[in-house]
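Below are structures written as structure tokens.
Both of the next two complexes hold chain A, though its partner changes from chain B to chain C.
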Partner chain A sequence: MSLAILNKEIRRIHVIDDDPEVRGAYLEHVKDMDVEGIDVSNSIVNIESLFSTIDTEHDGIICDYQLTGRKYSACNGDVFGKAAYDRHIPFILSSHFKPLSLGGQRRYIPKAVAADDFGIDAVREAFELCLGEYQGSFSLRRRPIRTLVRIEGMKPYGAVYQLNVVVPNWNPTDGVQILIDASSLPDLSKLQAEIEATGEARLTAEVNTGATDSNELYFSEWKSL
Partner chain B sequence: MQSVNFKFSPRILARLGEELNQTFDQSILELVKNAYDADATLCKVELFDTSSAGGTIRVSDDGNGMDSDSIRDAWLVLGKSDKTSDRPTSAGRTPAGSKGLGRLAALRMGKEIRLASVKKGMSRRIHSLHIDWSEFESANAVEDVSLSIVTEKKTTSGHGTVVELRALRTAVRAEEVRKLARSLILLTDPFGDKSSGFQIELEASEFSDIERLVQTKYFDEADYHLSAELDEEGIASVRLLDWRGEVLASAKHAEIRRNEPERPYAAPTCNFDLWTFLLKSGNFLQGRKSRVSEIRQWLGHFGGVHIYQDRVRVAPYGDVGNDWLQINLSRAKSPEERPSTNNSIGRLVVNSRGPYRLTQKTDRSGFIEDETFVELTSFALDSLEWLAKWRLAQAEHRRSTERQQAREAAEAEKSSFTQALLKVPEEARAAIQVAFTDYATSRDREADALRREIQLYRTLSTAGITAATFAHESHGNPLKVITLNLKSLRRRIVELLRTDEQHRLLSLVEKISVSAGALSTLGSATLGLIRSEKRKVGKVDLHRTITSLIELMEPFWVARETHVELALSPENPYIFASDAAFESIFANLINNSLNAFRQAGTATRAIRIQTLVTRDRCKIVVSDSGPGIVNVKINEIWLPGVTSASDGTGLGLTIVRDTVRDLGGEVSAIAHGQLGGAEFLIDLPILGS
Partner chain C sequence: MSARLSVLDVGHGNCSVFREDKHVGIIDAGRGPYASIFIESSGITEIDLIVISHADDDHLAGVIGLLSSEKIKVNKIRLNADAMKDTKIWRDVRELLQSQHNQGKISVELGIFQGKLHWSGNDVSLDVLAPSIYNTLSGVGGKDESGKAITSNSGSVVLRVSHKGGKSVLLASDMEDQTLQNILDSGQDINASVLVFPHHGGRPGSGSVEDFTDRLIAAVKPSIILFSNGREKHDNPRPEIVSRACAQGVSYIACTQLSKNCHISPLKQQPGSLLFSAGADEGKSCAGTIEVNLESGQCHGGQTEAHKAFVNVLSSPMCRSTVVATAAANEIH
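Up next is the complex of A and B:
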């Protein structure tokens, strides 16, 4: 039993969620895909311990976003999404949080869905997008383009910043709010000073300007002008 | 074969000079830092006729000086620097100007440069150099312009260097001189008790005023002095001292680095001092009000947190308008007991020796923000956070003590009154006693009402906090299980059953799905009202906020079979407030109407929200088709605790009234409005439309 996606055969899908009932619900979907479902029931000690049990050639992952409510995992699903991307493992992130605010990790999570939109088709699409990107082929909605980003406000939350940004190349009139790790922003104090003095600042970043919804937008490789 | 060399166009001199150091004060500071690195004890900066173009700036020092070889092989070699921060000078100073290009920007300020230097130990010879930049502009390459170092005998003693920037290309503005004066004073740590051994003089009238401000040194009058230290192992410790230097509190690393108590800071050894002033008249000795204004002025010039690396100040940290630790932002988010750059002054003194180094950017716009810098910033922020928490705890304790003292004082005063009453003639005593008792009873009743209101606010807040905390468990996961399993169920019913059998089960699945959807919206609508960004004050588009709120509450009024009509004026009025304030008005009015429909069993349920905009005001009318305002006086509906429902809080209209007043508006009600039920009229001043 397997799921054929592009040139891969997915034989197992690991389900990661801190709630065993929710894992059970996902596993019912996996069963209907004729693929072996793996219930990741033990606490996840670290990234390596999780990925040591995953076959990079034939396994995929369904993962929830919020994982830290119980002592199941020390980090949330977006971190595992990045780790899966680095290892070229197909991955889909599912969460009831709307909009899906994933900080800087959205670049590495080709598909993230709210629980209402989860299903076999969503999993298949997610795995196809992942495998395509691993081979360097990006869909129009996911292709990174270096573009100007206008920052109209920033607010710190620990090591993460909430930015109010406008991407003129994507939508010149409406802004979006994103969470970005402080370490990925260049010249942080200069940026803050500029915003404080003038109300705005400009950087460039790689953005998927082909996204059709603000929830799909990702921002990476920030650079000063 | 032809032997060739790289050549540089003279344009590169202009480009390097202009693009590296952009500000006037930073340019001159580079020449002053050269004097510091030359172990000078005195450096003088003089401005001659600089209020218009063509003036002269002279920077002279009594440092080690240079001979002709040094001028040729070091001073004239741009981009090379003999100074590395690893090798201290003979006086033990860590070189401040290490880039080698620093002086170019200053030198380019004048059309001509004159350099004269006497090397220490060879004071009979003076070496001078004259540069006319116009010769470079007409040359093909920098190398084509010959410069001559002239060596002459000198009869007087002394050593050092003089650099004159002649025929300045532009005028120097007074504000630039002021900024230079400030930078020069702060350059070598005027905070310390010991002199750095390097004195700077600036001959310009703005200087003496600012110098006086620094020399006055109000540090001893600070209400709090935070003194934090980071040792070679990256372990932090902190003490809080009062104005006498007495230790009020102290903490070790684990209490400071709360998020990662086991991890040392990967930053250089440093000391962080912050002096905070409460700036209330009467807090100072003899209550002299003039001291507060003096200190405000001093803080206005020098407030903020400055960074010193090896005893030399690093710009722009602590510059006017530079709040690199976001002290002001933290205070805006949580104003109680937090410092701001207007009431505090501090310094972070960093040692550049050791495994962790901070590196300045080539353009002198601060440190490269690598991990070392981030760790240093974390140390400073964690220390400030510790201070804030300590002060908040003290404030709480103070409030609790004040409450207790107020109670005790009330009892004592009552007793005093009773004693005093005995001195009143007997015939008047009874009337006074009755009047006092009535007054005391009213005050007690008011206090009880306020206590109940506070308790209710606390209870409601707790309910909200609990809902938010457990949103994941209470509304997320169970709903997710239902939604996911319903999808599987739907799919399997279609796969496994005959078409004529499917409908019986699918119709049940659909009903469960609709209910799950309603539960989901209930949770997200509630959480949607308490998002922190909604409490941020800014421009609020009234129509957009009303429309968004109606959309957010749609599940509620749809579930109550209510029709909501919006009759909004064509303008777009806006005010300066928070979304939360505005939402609290309309959420409570709509809740009021929905509850009225429920209690009265109203058959036709309608709510209408209408706006009318005039030049600087917006009238908003909220009317419903309920039973109206009955069995209660119109002017009493705003009082806390007044409710027609046994399960009501009696706070909704109080919140509406208080919020409208906070926004500068007025609210009134009529018992039966245009739809037959209660009608509320809100009149708000607006900023524009």
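Up next is the complex of A and C:
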């Protein structure tokens, strides 16, 4: 029982959701893929406790986004997505919320799907995208391109900022709202002053400007012009 | 390797990359990341010259990616500046260029008009056919020699890339009937082996589409016409343009993306059959990026064969007669 993707053999898929019924539904899909499913039923104390049970060579992960509601997990699925990416483990994020706003972690989550779109094909595609990126190969929609980002508004929420941004090299007219850690933005006070004075400021960032939908966009590695 | 020019599949927009030995030039940058991806994936790290024909975002926006890149060095940019454009994207480009200029990273030259354009290679030359000095000094919003208002499109740069062997490619940007008349009135030779048809095969200003097409083809006398079109925008190229081109004896016609007039639903091609394509993953591409050998004035042979095979499975391909004839000619040779 295994799934072969890009020269990798996936033998087990861990299923993470705070709702046992949803986990059960995911496990049915895993069974249909002829792979062993692992039901992550115990509460997840932290990232390390989860990943200590995962074989980085042969395991994959199906993970829901909302996990903190029933004291099931200390953090949401986007954080596990980043951790899986760092460890080169294939991963798919699912959520019954639309749009999928992923707390600034979209860079590290190659495929996120609404619950209605979840299925075997989505899992396979997600794992292919992950394994490709781990080998340095990005699809057009995911490839990071450094580009100018115009910021037309910013609002603090603790250590996170909500930015209203336009990526002119992606869509010159329609903006998107994103959440970014304040620590990742260069020269924050200058940025705020510029927006207050002129209504707009410009930085560069790595953005997947080949994305076809705003929900796929990610932003990382912010720099001054 | 021979000098070559690639008309990139960037969706709706224009971006042409020409290469001679180690020298690289780009005429317009399309929209989206495609110019940057093509340059990076081709192993190009330095661009000698970028020319921006006018400030519409389907020609301009991609330059933001090229100028922002830390992997690509752009030595010089020449812009057909547009004082009427106070769009945010034009301000984005202005800020980016100001920053790069202040850091000494790039040479910026404003204003571009009829005459030779400096190029570092030996075999290729660049001729700007429009706008004239008169029109450039007047600028968008002003009047041309005949008293007509100059718009972004009618004032866009028309540029010919020529090989010393005699073949050439005319990059017509978004020229309109008025632009063509200005060129013809100036007595310039506009002849070229390959024509990248203006405005992506869309309406060329307010006049008759058929008349414009006939007049343009009669003046340029191309054997090949290419359309840099996007499947999702404006249903380009217009059927009457393709029809007139076929009637005028153009021997080969190709579009970067698959027009809905040729096939109503998207159609994916075999992996590897396209050189580079913004639309391949979604089945939006037709010929994809089209490579022209500047010395022979011909499109890449293998690509022409793949294009023919693809056209043969389309439900109503507008270009069928020319594609089939070209493939037959290739077989004879």
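One rule holds in what follows: the second predicted complex is superposed on the first by the 225 of 225 C-alpha atoms of A that agree within 3 Å, B and C clash if a C-alpha of one lies under 4 Å from a C-alpha of the other, contacts with A are read in each partner's own complex, and residues count from 1 in each chain.
We adopt the following convention: a residue touches a chain if its C-beta (ideal position, glycine included) is under 8 Å from a C-beta of that chain, and two chains touch if they have at least 3 such contacts.
If you're wondering where the values come from, they're calculated on a predicted model, not measured in any experiment.
> Return first, second, both or neither, reflecting whether A:R11 touches chain B, chain C, both chains, or no partner chain.
Touch status of A:R11: no partner.
> Would you sort A:P156 into first (chain B), second (chain C), both or neither based on which partner it touches?
first
> I'd like to know which partner A:A182 touches here: chain B for first, chain C for second, both or neither.
first
> Spot which of chain B and chain C makes contact with more residues of chain A, would you?
Per-residue touch count on chain A favours B.
> Could you say whether A:Y26 touches chain B, chain C, both of them, or neither, answering first, second, both or neither?
first
> Is A:K190 touching anything from chain B or chain C once the two structures are fitted on A? First, second, both or neither.
first
> If you stack the two complexes on chain A, which partner ends up touching A:H58: first (chain B), second (chain C), both, or neither?
Neither partner.
> Where on chain A is chain C touching in the complex?
Chain A reaches chain C through residues 139-141, 143, 145-148, 150, 166, 168-170, 172, 200, 202, 204, 208-210, 212, 225.
> Within their complex, state which residues of chain A touch chain B.
19, 21-22, 24-26, 28-29, 32, 66, 69, 96-98, 115-116, 118-120, 155-156, 158, 177, 182-183, 186-190, 192-193, 196-197
> Inside the complex, what are the residues of chain C that reach chain A?
31-34, 36-37, 57, 61-62, 64-65, 67-71, 87-89, 92, 95-96, 99, 278, 281-282
> If we count contacts the way the header does, which residues on chain B are in touch with chain A in the complex?
Residue list for chain B touching chain A: 259, 316, 321-324, 326, 329, 365-366, 369, 371, 374, 472-473, 476-481, 483-485, 487-488, 491-492, 520, 524, 533.
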